[in-house]
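Here come two complexes built around subunit A, the first alongside subunit B, the second alongside subunit C.
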Partner chain A sequence: MTDTTTTPPEIGGIGHSVKRVEDARLIEGQGNFLDDISLPGMLHMALVRSPVAHARINGIDSDAAMAVDGVLAVVTGELMAAHNLAWMPTLSGDTQAVLATDKVRYQGQEVAAVIATDPYAAADGAELVDVDYEMLDAITTPQQSLAEGAELIRDEKEGQTDNLAYTWETGDEAATEAAFASADRVVSLTTHYPRSHPSPLETCGIVADVNSVTGQATIYMTSQAPHAHRTLFALVAGLPEQNIRIISPDIGGGFGNKVPIYPGYVVATAASLLIGQPVKWVETRTGNLISTGFGRDYYMTGELALTNEGRIQAMRVDMLSDQGAFYSDAQPTRYRAGLFHVCTGSYDFPHAHIKCRGAFTNKAPGGVAYRCSFRITEASYLIERLMQTAADELGIDPAELRLRNFIQPEQFPYETATGFVYDSGDYPTALRKALDAAGYEELRAEQAAAREEGRLVGIGIAHFTEAVGAGPAHTYDIAGLKMIDSAELRVHPTGKAILKLGVKTQGQGHETTFAQIVAEETGIPATDIKVIHGDTDDTPYGLGTYASRSTPVGGAATAMVARKIADKARHIAAHLLEAAPEDIERSADKFHVAGSPDQSVTIQDAAFAAYTNLPEGMEYGLEDVTYYNPPNLTFPYGSYVVVVDVDPDTGVWKVRRMVALDDCGVRINPMIVEGQIHGGLTEGFAMSSMQWITFDDDGNCIGSNFMDYLIPTAWETPRFELLETVTPSPHHPIGAKGIGESATVGSPAAFVNAVIDAVAHLGVRNIDMPVLPDRVWEAIDSAGG
Partner chain B sequence: MLPARFDYVAASSVEEAIAAKAEGGDEARILAGGQSLLPMMKLRFATPSKLVDINRIAGLDAIRSHNGHLHVGALVRHADIAASGAVSGAVASAAPWIADPLVRNLGTMCGSVAHCDPEGDWNSVLLATGAEVVAQGPSGRRTIDIGDFVQDFFTNSLAEDEMVVALHIPVPSGRSGGSYQKLERKVGDYATVGVATHLELADDGTISAAGVAMTSVAPINRKATDAEALLVGNAPSAELFAEAGEAAAAAADPRDDVRGSARWKRRVVAAFTQRALAAAAEQAQS
Partner chain C sequence: MEITININGTDHTADVEPRRLLVDHIRTGAGLTGTHIGCDTTSCGVCTVLVDGTPVKSCTMLAVQADGREVTTVEGLKSADGLHPVQQAFSDEHGLQCGFCTPAMMLVGAALIDENPAPSDDEVRWAISGNLCRCTGYMNIVKAIQAAAAAASSNGDS
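Coming up: the complex of A and B.
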């Protein structure tokens, strides 16, 4: 860790590894999670989910359920339809069933809800709701779904005659084709980025409390985006927005899973509205895994046109996504496949053409950005796997191939072939530093020697570039809402402050780092600043926390509002010091007259004066609010190197080393940054080695609990060796780029490339994730190894 | 956890437990560590009418050596076995591979054996070592060979009014060794493939007794009898163990599933049998 602090530890501004202030209450069991909330008269809801993937509903019999002691109501799609709430809009302009009326379209789909006086009665009732299903064939892959004659999944959707969810393309097709036609070499890779699940340890839930007299709807909800959800509730349910208060309490992990609005939220709110009592719904683990927003599920074919020397000329991509039954990606509206077109990666070449299609299948909808900025994980995986393929095909060392193609430091700001303008970077330095730390040359020598002895050693590289911090209002919106964010800073007379945010932490440490930004900009000690977030009645508007946008957007808003406060304080200081405001300078903890440092006042003096002794004409108080519209995205990057040993007898592979260099610009709290990287690398390791949500031919989800959907423990997770470079973002007020997702985005390709590198000499070019030992063994076996 | 309704009895003696269970009929279940039963109740795959909790019965938590056998009581947890100085061979080798530390603190060896989950590790170890199950009913105790006790997929040979009170695992007086090799996707995962081995050596160094049994590659934990027959009477060698590995692979009957293909699992059985035999021989020879 490099020391880049400008404030003393007592102030704890940027660069201090301050301990997370939120941890004490969470560790000591004093947090307040959704399931901790209990209101007087609160009822409990259980969902009835479809046991089958595709079937027509011929009838629902709730008599037996209603006979259970404590059951008060069974809500069906028919009842929801009477209130015009059987369907709801998705974040991608599609509609999604709240409770199924006509058909069920995936296993786990919500069919009815049982409201009861206690959760056991609700669960007993749910088991007894008798649904008459008429079975239909299940379609479980997008290839089947788009085949001639496939059954229409979305038969309710006007104008829909096939199972195509969307098409989208970008880039210059003609120039790309021309480059391919004249290329020395063309390299191609077809791979599937499997369906995964964000799996926050806390599942989704709600306590909806609609006051039957005032109409006030107080909604406690596991939400990564409380303000956006308030507006969507207003638009969908027709409730007046001032009467909706969304409170997102402590959240036990989000990872994108808590961005969408789920049917359970809508039904519980409707039930509270109809019954006039609070209604709680807490999802089961299985419910979470089989019905809520999944990640990935992209089938990708990527091609590179190269010169014989390995210079890339162009890239061509054909992508087919499995959307499940409803198209509900969380995505910036105009790009149908999110930011997937950032797939040109860290490389300098002029042409690219990206073609995307999405298909409906009988699987859960979602397509959330699982710890990633709208499909950047898939993009980064594709280009970095392609670089490995190209290296193997052309016989060029994979590190060397990257160095030959990198965007050079002096080319920034750099416009990519698909129109992103990368803000800053020094890729060659980053890769070389990571390679040196790993001892790359020696590893290659060892690998060659090991092969002689029949041992398999692989060295995998990934150099990723992310595009995060959505985003500029001219380009990015979700459901029409511009992706700006806000911060409000109130400094009290004693110099203590509260900072209110539009973004919402789910474990990232906002309560610590955002206070550090204010400390840096104002000199108020971070420990004197309370950060408030998650309650829409008490915080300024914002689009929420996902896509690594908190620091790039909310963090920028915080820096800007703190600067406004510091500026007002400077004027007050001038008044107190009887000097001209232009002559006042600010050091880490004082305002002083230029040239005479002992003539000074503190920010606390200025804060007191703001309520007691002001210059003439100045408004009382020391508070302000800023809405920040970022001029561009930010582009964190990193170089990862993984070393694996592969057992040729069983295909089992073990990570021997993992060197991860991240450049996320300025690090506000280096310890928290490293924590985010550790978590992200662990998730990347999980996806590459063991995780997938898969289905049998009938559409039954295999992976509906944590015995089948695997979360790695400390035991199998490799040790990580972290490195850094710091290249500030030139357009961000404090030069920070965001770090929450880099490691999840960048690391899967590094792990997979390492395994491929171990067996590439046998002719193996691809093994799809998860790289299970049987797949490795089969690949070796069929390559004749 | 929202299971279906059930009655609950905390027994204070084996007699009381047996009586309470008999009263409840075939819908009543013994509750030991709860590490298999409670997850199934949570998912409502199991809906017992009554749970007979044996955790408060005194005297069931001992591990003792007696008459050339290790006696393991019904409340001995996996963690007790892992920490015990009295265990050796395949038993000692398998203990740290059962589940994860939390489950090991509660789950019992007897409960696991009674459960007869083909993915459970202990029954392979008991088959390889030739252990016996001690059952108690209203008319007293009887001893059942582990091969007869494990009847089928989740089915043991206990009568409705019997419970397991102990396991008797032979501890050979001569030179012997054993090992358990397990492939799991992560800690706490059931075996994708597991192989238990047990070898005893005669004075001339040849193999006088051999046990090989497999986990997760057949409808129940399965003994590889052909492999065992190959081994007995021969001197330990890499070639012999490779041959035994092939025999075990042939005896396995794995399925294709999310953990991997059947073809590949057979290869893992061969490799693991070979490695587990080598480890057992090394122990016996040292």
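Coming up: the complex of A and C.
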């Protein structure tokens, strides 16, 4: 393991595997999750959801529901419309129904809400709300949706004459076409990255407490982005922003699912406002799976133009995304397909062209970045699957093909064909190290011998490069809000500190790692620093935690504010030591006069002096705040090698080994980084092998509960072997790049490439995810294997 | 219907509707919110408690079925001697991230090591295969339960 520590363990700065401070409450059942919150007079809300995918609403009869003991109100779209809240803006500039007024456009869409004194009564009432639906044909694929004569899904939308949600393209089309026209070889892959769902084990929920006398709205909410949500609440509901306090308590996993604003939040808040009592809504699991932010659902055709020797000349991509009924992707404004244009991957070639269309369908909306920085999961999958296809088509070893095309270490900073400027990397070293650990050459020999015996062994490689940490204000905003983030540091007279963040943990361990950054920069022991986050009244503004942006942006803000504090402390130290500030140096835990290490004071001495004994003209206190606008994204990368055994008779495949090398720059807390990688690899394995939201022809969601939507248990999940290299980001204050999503982004292609590699000699080039045994068996069977 | 359930060593008597789920009774009746709800279909296991020492998914048991029985929740793991070995080991081995599945995982782990003082990797994985975790990939959970088993054994020896 690379040792990046500069502080002793008792300070616990960067590089120490400090035990997590959040664990103390969580292991004793003292966490404070949304459903644990109970307020005096609190009412309970249950949603009535559409059982069908497409239908006109002819009427809603609430009488039977209102007759249930304990039911106080039934909220319908009509009531919401009277308050101008039947529709709300989405994060992608579309509008979305809060409660349906005209028709329902997907199964699970919110139609009404029942408010009652008890959750059982609310659920009873919801069962009895009688909605008169006039059935319409459901459109369940984007191909059907864009076909001539397809019924208009968004008939309410002014100017909308077809089911096209957006079009987007980037790159140099003419240069790309020219490269393809003159290429020795063209390799093509058409694949579907299926709809998946983040499924944190805690569903979404809210406790809305609007005080009708004071106008104060205190909103407890499962939010990965409480500040942005406060602003959006102000804009949507017309409430004064200073009177809105969003508190995001302990979150039971997010993975992108808790980024959007969902109708349930808006209805519960409106109900609390209208009734004058707090209202709690906690989503059911089925509600979560069938209505909230999904991931992926991209139909992709990718092509590479290559020389006979396997050098890539250009890439072109044509995609169609299934957006569901409303275009509500959570992503930067200017990029309609997120950061998909990172699809040139880790390779050095001059030309690329990407075009994408999105279509409305009768499915749930909300393409979120499911453990992913805005569609880079799809992008990494496409290029890494294309590399496998090219290797198979050209007869070049897939590791060798990558080595021939890698961006070389001396080429950084490297501008890609689509305009990203990669910050740093050493891809060949990473891949070679992963291959060596896996015993690649021996595995190839074993594979050849196995084939002789009729056994199928596959070795899958993926080398991904992510674009995370959005992002620079000149390019990245969501709903107009620039994607900066913040940190405020208050050092008290006794030298103990409070750090307040704009980002918000969902299990990533911010309360531990962000304190370590301050410890590194100031010498205050990490255990003396309390981290506060998730309460908009008590933290500086930020865009929140998703897209692996906490460490790249919030972590940078933390380092910068800590440096401001350390600098002021240095000036105070100079005063205490009767020396010039420029003669004061800082070691891990002391300020001392240059050349005289014995003449020193501690950060604690300086903190006390900040309130008791200051130099003339200096402002009292030791507190500051930083809003960090990153100069660039960061570009973590990794090399993954997967070994699988495929049963030719059943198509069942088992992961024998999974070697994962990640380079996320400097690791603040190696223990937590490895935990993030374990989790990410598991979700990558899940998507490649079993996780899948699908629909029947009528738009019924198959996978609306955990019996049908399969999540791997400990029994199925492979064991992982982790490796690392450390290539710091040159523009990040502490050289960190972010790690939360790398493994989910990079690993699906490694798993699928391994299965394909096992059967490629039979002529199989693609099996769509999830790579279910029957699909593998069919592929082998059709190939005549 | 009046029932008495011994939860973490204390008798709780209450008048409950026959349809009331045990998990709701624990959370809102007894006010012990360390037991969570994740799926409504007995699939995810975050509601697991011990009923007479055996792991049970409390979203699939009625409160009235627990009448007269002993229930242990995460709040009952700690003793006068301090944290239960599984609690300490989950923290030491980074066996939790968001912490939502953790109470249930620890209870299953505690029940396992009561029966099997030195479970293998596979035995731990099988024991927790009714409990989902979305954060950790299970590796550190397995390590934590094995470490807890080792710690419990060495405590017992001393």
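Simple rule for what comes next: the second predicted complex is superposed on the first by the 785 of 785 C-alpha atoms of A that agree within 3 Å, B and C clash if a C-alpha of one lies under 4 Å from a C-alpha of the other, contacts with A are read in each partner's own complex, and residues count from 1 in each chain.
As a convention for this text, a contact is a pair of C-beta atoms (placed from the backbone, for glycine too) under 8 Å apart; a residue touches a chain by one contact, two chains touch by 3 or more.
Source: prediction; values computed, not measured.
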{"item": "Superposed model, subunit A: greater residue contact from subunit B or subunit C", "value": "C"}
{"item": "First (subunit B), second (subunit C), both or neither touched by A:415", "value": "neither"}
{"item": "First (subunit B), second (subunit C), both or neither touched by A:651", "value": "first"}
{"item": "Touching partner for A:78 - first (subunit B), second (subunit C), both, neither", "value": "neither"}
{"item": "Which superposed partner A:683 touches (first subunit B, second subunit C, both, neither)", "value": "second"}
{"item": "Partner chain in contact with A:22 - subunit B first, subunit C second, else both or neither", "value": "second"}
{"item": "First, second, both or neither for A:120, with subunit B first and subunit C second", "value": "both"}
{"item": "Touched partner set for A:134, first subunit B, second subunit C, both or neither", "value": "neither"}
{"item": "Which superposed partner A:35 touches (first subunit B, second subunit C, both, neither)", "value": "second"}
{"item": "First, second, both or neither for A:778, with subunit B first and subunit C second", "value": "first"}
{"item": "Set of subunit A residues, in rising order, touched by both subunit B and subunit C", "value": "119-120, 286, 705, 707, 711, 713, 715"}
{"item": "For the subunit A and subunit C complex, residues of the former touching the latter", "value": "19-20, 22-31, 33, 35-36, 38, 119-120, 199-203, 250-253, 255, 282, 284-286, 506-509, 671-672, 674-676, 678-683, 705-707, 711, 713-715, 717, 719-720"}
{"item": "Of all residues in subunit B, those that touch subunit A in their complex", "value": "2, 4-5, 39, 43-44, 100, 183, 185-190, 258-261, 263-265, 267-268, 271-272"}
{"item": "Residues of subunit C defined as touching subunit A within the complex", "value": "17, 19-20, 24, 27-28, 32-41, 43-44, 46, 73-75, 77-78, 83, 87, 90-92, 94, 96-103, 106, 121, 124-126, 128-142"}
{"item": "Touch list for subunit A against partner subunit B, complex", "value": "46, 119-120, 123-124, 127, 286, 649-652, 690, 692, 694, 702-703, 705, 707-708, 710-713, 715-716, 772-775, 777-778"}
